[in-house]
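Please find the structures below.
In the two assemblies presented below, subunit A is common to both, partnered first by subunit B and then by subunit C.
This part shows the complex of A and B:
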């Protein structure tokens, strides 16, 4: 079994995608994260949904649960508006989550080994330098449990 | 808005759930991870799907991509069988991913602050000491984007 046989379509954004648009994709498809490419379509990083939440919650609120308690719903709306006007590149942490990248003709074992080594929830599959799909850990387990 | 209004049902396993059963749940529901409780139903940890993959790929394969390349499909089947006879507790890393826990009457801002602080993909919502649901980062963004 080759990596390309397990790969599935997945939502891609690039570094210049609007941050609010990225949040809407995560929300609409209930995704745990997005694959981020650079401007020429090369794989760049993973943007976890929790990182977007982290971006919209100011540090002084994150670190002070009693302050979070007294913030009103209206404040919540205003916090979400922090996304507007930002790009995906602004949401990424200083050390973004590395995205393992394999070629379509790599084997499933190589794919699993890369996922395990990098503790990554997904692996991007490349053909001719472009991402043609993604294999999630759950997809890999589906293959494994089917084989067992 | 209170935490309980955003909470949704989510797959729970406990420390003694069969490891292969846990992998099958992850695969069938295409989940990025499972909520693990201890034997009395109290929240314990998050088990990421990638951690299950890590468990089934022996360290000598993880760290040697050239070895991964030569392993046959048959080896893959055998590796997956490593799950059989193990429990969820065996899959968890030494320092499991902490599971943020909030009460149903905590506010959505408190929930978002806990998620952001702990960089967690989900938060468990408790009522009377039992998990009644889970809020994922994507669910929270859905609420936020709807409000914006």
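This part shows the complex of A and C:
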């Protein structure tokens, strides 16, 4: 099977998409991450859902996890509002997670190898330089289990 | 004295390493070990001097005292005691910013006297940012004040500041000697420092009254997960401090006391090695080893004796001049470069001064060196390791502190506290 046959339509966001909107997309479809494109629509990076959570948690709590226990519910609510007013580019780490990109006619084993090598839950599939779909790890496993 | 070429290489390499450390062009551990490699290669020092000589070798007392205390801290930080005390203090201060600063700085200074400054800063900074955000004030003045308090408080004891550890090992001065001679002026300087903070940060004490309740809602008891571990850790820490104090009775070197304490704490804490070794800064220990080799080479080639002679000549054999020279010279140089390499270099020179010549027997010269180096480190953002660490924490949390922002406060505090030492040293020792 070829990559294009496994690829599915997938939510794309760009660097200037509102951070809260990106979080809502992740939450609504329970996605493991989002594909981020640059202004030209070219693949740029992956925004893992865990990175969004990481952004919300203050650095001082990450440095000293015991502080998470001393905060009240109200303080926790305030912290979650940190997403407001930010863009997707603000959520990305200094070294963004690289998005594996394959061509539509690449084989499924190439796809699996790219996913494994880059430890990515998503692979973008390109046709003529444009993203035509995304293969998730879950979709790949579904195919693998079916073949087995 | 070795050959002229060996002398020139040892001094030249030391100067280059010092410059590299000052400019941070390369990691300091790389600079120190690289320099050590060169002086060994040219034969300025050999294995006998490096490993077995008390005068020119690696000071194992310093290395193992640091290692032992790092392990102790690795266990202590698991207890949540620092977070508990900081939040308790902020609630006691009813969220009033200046009162919060006074209590946090006092807590930091006391903790720094018992632990390493860098560790104290790492433990106190996150909870400080949390408290400031709850009160609605800018954390930057609090973070700066805490690191300044840490460097002042750490000067009070043998184990509080790395320069003191080096001085103690080279001079033979004990934990009690440090406490008795450095303690009074450090307490006085802390009072002066807190008063200075009221003026230096006067525009930053405006809190949001509506947010004070946020501080009162924090639950400090939640910070302590394992009460049993906390009690066991505090008992062992107390025993270690008693062990340091009873040097004249037990005759155990501080490094032995720290290692025994670390061993007992590891046993009673039942923590995994990943946890109790997490705070061991292997790079720092290697940096010290490299530095001792470099300074040992300077001793071997006779450069340190020349430095001691030059100091003695500059002081003209006068004790008062020697105090002023050491105090202000140390303060200025420690402000520009990390005070650890400076004290490592100066200690054998001061030892030479107090052992022979017109200033023989004037043990108080050690206090002038320690006070200048410890307090001078406050003057600039790069003067002490704790300053650099605090700037990093502030930046990662979105509150960047520029070199000059730190320095404009640090230089005032360093100048006032160092000058305050002059009447103390003169009245007490001359």
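FYI, the second predicted complex is superposed on the first by the 148 of 148 C-alpha atoms of A that agree within 3 Å, B and C clash if a C-alpha of one lies under 4 Å from a C-alpha of the other, contacts with A are read in each partner's own complex, and residues count from 1 in each chain.
The criterion applied here is as follows: contacts are C-beta pairs under 8 Å (C-beta built on N, C-alpha and C of every residue); 3 or more make two chains touch, one makes a residue touch a chain.
Keep in mind it's a predicted model, so treat the numbers as computed, not measured.
**Student:** Does the superposition put A:16 against subunit B (first), subunit C (second), both, or neither?
**Tutor:** neither
**Student:** May I ask you to decide whether A:63 touches subunit B, subunit C, both, or neither, giving the answer as first, second, both or neither?
**Tutor:** both
**Student:** Give one of first, second, both or neither to describe whether A:71 is in contact with subunit B, with subunit C, with both, or with none.
**Tutor:** both
**Student:** Contacts for A:105 in the overlay, against subunit B (first) and subunit C (second): which applies, first, second, both or neither?
**Tutor:** Neither partner.
**Student:** On subunit A, which partner's contacts cover more residues, subunit B's or subunit C's?
**Tutor:** Between subunit B and subunit C, B touches the greater number of residues in subunit A.
**Student:** So in the superposed three-chain picture, is A:38 touching just subunit B, just subunit C, both, or none of them (first/second/both/neither)?
**Tutor:** neither
**Student:** Subunit A residues touched by both subunit B and subunit C?
**Tutor:** 61, 63, 69, 71, 75
**Student:** Note which residues of subunit A are touching subunit C in the complex, please.
**Tutor:** On the subunit A side, the touching residues are 58-61, 63-64, 66-67, 69-72, 74-75.
**Student:** Show me the residue ranges of subunit C that touch subunit A in the complex, using the header's touch definition.
**Tutor:** Result: residues 80, 83, 87, 122-123, 125-127, 129-130, 133-134, 214, 217-220, 222-223, 225, 393, 396-398 of subunit C touch subunit A.
**Student:** For subunit B, which residues are in contact with subunit A within the complex?
**Tutor:** 1, 20, 23-24, 26-33, 48-54, 56-57, 61-63, 65, 68-69, 71, 73, 75-77, 79-81, 83-84, 106-110, 112-117, 119-121, 136-142, 144-145, 147-148
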